[in-house]
Amino acid sequence: MTTERQEEKDGLHNMERHFGPHAKEYVEAIKKVSPEYYKINVEWAYGNIYENKVLDDKTRELLALAALSCMGYPTNQIKVHVRGAINCGASRDEVLEVIRMMVAYAGFPSTTNALMAAGEALDEHEAES
Amino acid sequence: MTTERQEEKDGLHNMERHFGPHAKEYVEAIKKVSPEYYKINVEWAYGNIYENKVLDDKTRELLALAALSCMGYPTNQIKVHVRGAINCGASRDEVLEVIRMMVAYAGFPSTTNALMAAGEALDEHEAES
Amino acid sequence: MTTERQEEKDGLHNMERHFGPHAKEYVEAIKKVSPEYYKINVEWAYGNIYENKVLDDKTRELLALAALSCMGYPTNQIKVHVRGAINCGASRDEVLEVIRMMVAYAGFPSTTNALMAAGEALDEHEAES
Amino acid sequence: MTTERQEEKDGLHNMERHFGPHAKEYVEAIKKVSPEYYKINVEWAYGNIYENKVLDDKTRELLALAALSCMGYPTNQIKVHVRGAINCGASRDEVLEVIRMMVAYAGFPSTTNALMAAGEALDEHEAES
Amino acid sequence: MTTERQEEKDGLHNMERHFGPHAKEYVEAIKKVSPEYYKINVEWAYGNIYENKVLDDKTRELLALAALSCMGYPTNQIKVHVRGAINCGASRDEVLEVIRMMVAYAGFPSTTNALMAAGEALDEHEAES
Amino acid sequence: MTTERQEEKDGLHNMERHFGPHAKEYVEAIKKVSPEYYKINVEWAYGNIYENKVLDDKTRELLALAALSCMGYPTNQIKVHVRGAINCGASRDEVLEVIRMMVAYAGFPSTTNALMAAGEALDEHEAES
């Protein structure tokens, strides 16, 4: 009934739209460790920020890949958002070009790690289709 | 005549399309310190990567802002790419929402710095128009 | 009436308790650039996270200083949280030892920048008292 | 007899107090690769910094978790310091809240990695008790 | 015939000189995911930057290890450049001292990860010789 | 009389050899804020690490510049170590090529900031000579 419950519903709905049925599984693992962390992850990140329609879903996923490629180490999250980008209408070439562009901003070590993780996620996704 | 000269021409042309007449001034300052660094900045980043048309100009500028907002400290570059984003067709709201989204990827310190620098660049741009 | 308004009230209240009367001024500057960013900063960071009483106010401020000292570049935020730590009961020696400890986690460049910013904030605070 | 030997003794003693019997094993692996690195790790970090009593042991472990959670990739060290925090008197809820708080400073990718590693370390620790 | 083809040839040649026969395998894996990324990796990084003779090969490898040790997470790349450093004439002690020095610039978490990865690469290399 | 005093003497001596008469001034400012931080900066970083003769002074300064260029924000430290590199026998071209190489490891934002700071330090140094 409260705004918060609405944000949780919006967050779970946005996550499912971006990441498909795996989304729930992913956040349930987090909820088991910390319900308070689950709350901010689902309600804030996906229920509030992703609810703002100034940016469309595909653009958000490409921006997420840009951010993660600059970090290099969160390869699980890179794979999740590669699938998110494809689900939201990005092409294989767009995903790889976003990561390639990040060489200019963050150098080879992080972007090579991101690229190789993305390659795996793209191959897995194509094998499933 | 060589491919390299073409990349330099493409790079300078892409920079001007994104950043306007200030672009040349910016890279001339770099060239004065190191012509070899100027070369990779203009030819590689802007002559090769930005020449790939898989991503359009506006998307590239939003991706650049995402990367820079995760770092927080390069406030000069943030201002340059805020103007780049506006020049390539992004709205004030899109610029601010890209930066706001980065809170989820990089936290408040870097994105607050990016937001305040973007606010200045947007105000300067509007004062000039 | 809604939960959100409560979070905004809690957030502003927590910020004032930590940072004193300057808090409002600080977030008003952010609100002017982006009301949506203000919202997540006040409601989420200060209204939700800082509302959890598992950690006391002083511990939170020392943890904030630890995080910021590892980054090194957000010297404004370091100064704000040095005052926050003092307001929440930390001593000058505790503030400086938190930053010194971060050398082991993040090296000298970031912690030296943090230490010098903290030194300025501590001197300013003592001059005012 | 020299000051240095005292620092090595202090360092090993502080490490054992924080991390229990596993500490020695951990630093022996480092010593085998580089005795000079072992020296700075044991004598400086644990023999000098951790010897300063301005901060108590539990606070130091929470600060270490804050720093490591902002980095995200050093999951082995996060597990070591989760056990350290518990050994020094922190509760499961305090450990998880320190990590959750870091979302505000470093974003979700690093803190989610830290949270999941902490969850494993906490479960392992409880299984052993 | 073009300058670019020369840069690709130079890049592959420099990579082989630094990393030995494994180099080709490494970049072929990248090429399979993204030929455009392969191009910038081989031609720019190794064909242009590494072609500049102001710095000798051994110094370049030590500098690469310094950069990678400050990041901590790219352990594959650290192992590649440890072998590169040895191939270019660095001693085991020089490799380990470069990494140890980085504690002062980036702290223990990243450099300990780098040191342990380097220890493995050095042992593997010695077992092969 | 103790080992520690020797390390302080070695540290101050190494700093003066690298940075000239300005070194003392720099560490005195740090000592005024925190004598404990001064101690680890002088004794550990410069008294212990820089005392290891496996790496020569010039190589150490180039490695320091590599590390700092990957971070981008510590422009004061970059200027100090540019002077250190020149004092230890590096040429202007070597300094600039070390920074340029870091584009491959850390991207343009950090290395452009480092390059421009280095350009200023080199010009100041030449004006003084």
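Order of writing sets the chain letters: A, B, C, D, E and F. Residues in each chain are counted from 1.
In the analysis below, contacts are C-beta pairs under 8 Å (C-beta built on N, C-alpha and C of every residue); 3 or more make two chains touch, one makes a residue touch a chain.
In this text the structure is predicted, and so the values were computed from the model without any measurement.
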Using the touch definition from the top, list the chains contacting both chain B and chain C. A, D, E, F
For the C-alpha superposition of chain B onto chain D, the rotation angle in degrees, rounded to the nearest 5, equals 180
With centres defined as the mean of C-alpha atoms, identify the chain lying farthest from chain B. D
Quick one: chain E and chain F, Cα centre-to-centre, how many Å? 24
Give, as an integer number of Å, the spacing between the C-alpha centres of chain F and chain D. 29
Please report how many Å separate the Cα centroid of chain B from that of chain F, as a whole number. 30
Whole-angstrom distance, CA centroid of chain C to CA centroid of chain E, is 40
At least two other chains touched by the same residue of chain C: list those residues. 36, 40, 44-45, 49, 52, 67-68, 70-71, 73, 97, 100, 102-106, 108-109
Using the touch definition up top, name the residues of chain D that touch chain F in the complex. 2-4, 36, 39-40, 44, 48-49, 52
Residue positions on chain C within touch of chain E in the complex are 70, 102-109
Considering the complex alone, what residue numbers of chain A touch chain D? 29-30, 32-34, 36-37, 40-41, 45, 67-68, 71, 73-74, 77
Along chain B, where are the residues that touch chain C in the complex? 72-73, 96-97, 99-100, 103, 108-113, 115-116, 118-119
For chain D, which residues are in contact with chain C within the complex? 44-45, 49, 52, 54-55, 59-60, 62-64, 66-68, 70-71, 91, 93-94, 97-98, 100-106
